[in-house]
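You will see chain A twice below: alongside chain B first, and alongside chain C after that.
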Partner chain A sequence: MSIKEKARELLEGEVDGVLGCRLVGGSHLPHLFTAAGIEDMAEDYPEGERYPIASIVRRLQTEDPGVRIAVVARGCDERSLIELSKQGQVDLGRVVILGLACEGDLARECGCAEPYPSEIVDGQRVEGVPDYSLVEKMDRMPADARLDFWLSRFGSCIKCYGCRNVCPLCYCKECALEDAEMVERGRVPPARPAFHLIRALDMAGRCVDCGLCEEACPMGIPLRTLYRKVGRVVEDNFDYRPGRSLEEKSPLAVLGTEKDLE
Partner chain B sequence: MTDYRTVPTVCPYCGTGCGMLLEVSGGRLAGVLPQKGHPVSDGTLCIKGWVANQFVESPRRLTRPLVRKGGKQQAVPVEEALALVAGRLRDTVEKHGPDAAAFICSAKCTNEEDYLVSKIARAVVGTNNIDHCARL
Partner chain C sequence: MGENDNGEVRILAFLCNWCSYAGADLAGVSRLQYPPNVLDIRVMCTGTISPYHVIKAFQMGIDGVLIAGCHIGDCHYIKGNYMTYKRFQVMRDVLKFIGIDEDRLRLEWVSAAEGEKFADVIKGFTEQVEKAGPSPLRSGWEKDPAQWERIRNAFKPLETLEPA
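Up next, the complex of A and B:
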């Protein structure tokens, strides 16, 4: 059964809306379909047109806490939803995931370890090729050369905040990157390396490696390399990979050795 | 139930023409996303595009012409403001010549609107003093 057929079936009573995409002038745009409009739902989901779907789900649930929706989600979207759920930002009990497995170039070259969701409605499951080559190359570089590399890349930053804006896991109402005490207003490029390291530290234990940040960066800063590095530190120390499972407890939710954060 | 749709458009801030999606939710403009695969910007925006939804309903947005009367700015009908500007412009040009006037147009306007400004400056008033916001 195709995603669209499944969506049509769910709209007969199980859900109020289906978040998928609509074809407008050749572009596949995010859209929430109701039973009345489902015929406009696109049949295909091109690899070059990924959007922060989990953020949209969070917004819809914030506006209407009772809404029941189904969402066309790739592996990364599902990981984002799982991580957001563990942080109390979305209620997965009211979300049906219509799993979309990444195929072709996207599955092979995106560098994500699991380019498929837990249950697949459309697409063939292809094992991902986790890409830590740049992380490992960085690790082998002498510290001063590594610093030079990053300072040079951060120096091209135009401070668009696109990396933060597009990030499904960035939901703070008050962002450190907008705090005048931490980040000087009106200064472009922003202070190096502080601006990018604030974000990198916030990605530790959160980043699901969806890669939307790097796609949104107008200056081509290799942000995923930075976040994969902090992700690896968290995984090595806590055996925690964000978005992997609903049951695993995030190290961010634990204080010290035993005390849980409430 | 809440609704969510996205409307593709072109960023109004400068002349580059980046592709953006306006997010519409609950009947209101709720946010902006960069449009993937757009021939100009392919999924990227600068900070002006990312926050372009904010000026639409900003309380600081000028929505009516203001004319200073007795030292205070007062909202007036468009016709009154236009008549005032046209009268002053005519007086200035008659008194000091066409080059005493200048026209500043905007990258936020369409090509057609900017073309018309150029025509007013050059053909109606008779000056080449025309520039645009991107140089400011």
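Up next, the complex of A and C:
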């Protein structure tokens, strides 16, 4: 059964709306379909057009806590939803996930380890090719060369906040990046490396490696390399991978036990 | 401190109110010698120290950041220092990846009775930071005495209560 057929079936009573994509002027844009409009739902999900779907679910639920929705979700979207749920931002009990496996170039080249959700409705499961080559290359560089590299990359930042705005895991109402004490107003590039370090450290235990930040960055800052390292640090220290399971507790969201000291 | 310092490097030390700050006090009243290039910030618990504080300290040109709190099991808030330890691991590794030497950040457990340990920790850490040299994020502020004052003004407000 295709995603659209499944969506039609769910709209017969199980859910109030289905979050998918609609073709608008040749682009696939996220759209919340009701039973009346479901015929406009796109059949295909091109690889170049990804969105922070989990953020949309979070906002829909914030606006209307009772709403029941189904959502077309890739592997990264599902991981985001799981992580948001563990942080109390999304109620997965009222969400049906219509799993979409990434195929072709996206699955191979995007670089995430699991380019598929736990249950696939559409697409073939392809194992991802996680790419840590840049992280490892940088690990081998001397510290001062690393600092030079990052300072020069961060120096191109135009402070558009695109990385934060697109991030499905960024949901704070008050953001440190807008705190004048942390980030001076009206200065471009923003304080280096503080601006990007704030985001990097906030990604610890959160980043699901969807890569939307790097895609959104107009200046081509290798943000994903930075956050992948953060992900690895968290995994090495706490054996925790954000979005992997609903049961595991996020290490930086709970106080801790003697086990953490080992 | 600050006004009469003679050290090359500048260190910011976050000390927990219940243990390490008292340890520092003991070191002081015991007249133990330790380097004077440290700005100490008394916080109620090391668990209250956000990574933002550490980032900000380095951004302002501090050469080393020391976090000192109660020994595991002795936390006044039961488990605040477990949190500190977890955060510390992440901060240390991520800062290192950016190119800020791991020798510039240290976590120590110092109790109220360990005045001598406190002096040793400050001495050891200062030597370690001196070896790493002035922070590459300094922007010539050693020539600008006002920066030390700005750092003090930025962090002293974290001390919200009178000492116990």
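The working rule: the second predicted complex is superposed on the first by the 256 of 262 C-alpha atoms of A that agree within 3 Å, B and C clash if a C-alpha of one lies under 4 Å from a C-alpha of the other, contacts with A are read in each partner's own complex, and residues count from 1 in each chain.
We take it that contacts are C-beta pairs under 8 Å (C-beta built on N, C-alpha and C of every residue); 3 or more make two chains touch, one makes a residue touch a chain.
The model shown is predicted, which means the values in this text are computed figures rather than measured ones.
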Identify whether chain B and chain C fit side by side or clash on chain A in the overlaid structures.
fit
After lining up the shared chain so the two structures overlap, which partner does A:C172 touch, if you call chain B first and chain C second: first, second, both or neither?
neither
Using the superposition on chain A described above, determine whether A:L19 touches chain B (first), chain C (second), both, or neither.
first
Could you tell me if A:D64 is touching chain B, chain C, both of them or neither one (first, second, both, neither)?
first
Included angle at chain A between vectors to chain C and chain B, based on C-alpha centres and rounded to the nearest 10 degrees:
100
Figure out whether A:L246 sits in contact with chain B (first) or chain C (second), or with both, or with neither.
neither
Which partner does A:R50 contact after superposing on A: first (chain B), second (chain C), both, neither?
first
With the two structures laid over each other on chain A, which partner does A:D139 touch: chain B (first), chain C (second), both, or neither?
second
Using only CA atoms and the superposition described at the top, report the least gap between chain B and chain C in Å.
23
The intersection of the chain A residues contacting chain B with those contacting chain C is none
Okay, in this complex, where on chain C does chain A touch?
51-52, 55-56, 58-59, 72, 79-80, 82-83, 85-87, 89-91, 93-101, 136-137, 154
Which residues of chain A touch chain C in the complex?
138-139, 143-151, 176, 181-182, 191, 193-194, 197-198, 200-201, 204, 226, 229-230, 233-234, 236-238, 251-252, 255-258, 260-261
So, in the complex, the side of chain A touching chain B is made of residues 16-17, 19, 22, 24-25, 27, 29-32, 34, 46, 48-52, 56, 59-60, 63-64, 67, 158-162, 165-166, 215-218
Spell out the residues on chain B that touch chain A in their complex, using ranges where they run on.
1-6, 8, 21, 23, 25-26, 30-31, 33-38, 41, 43-47, 50
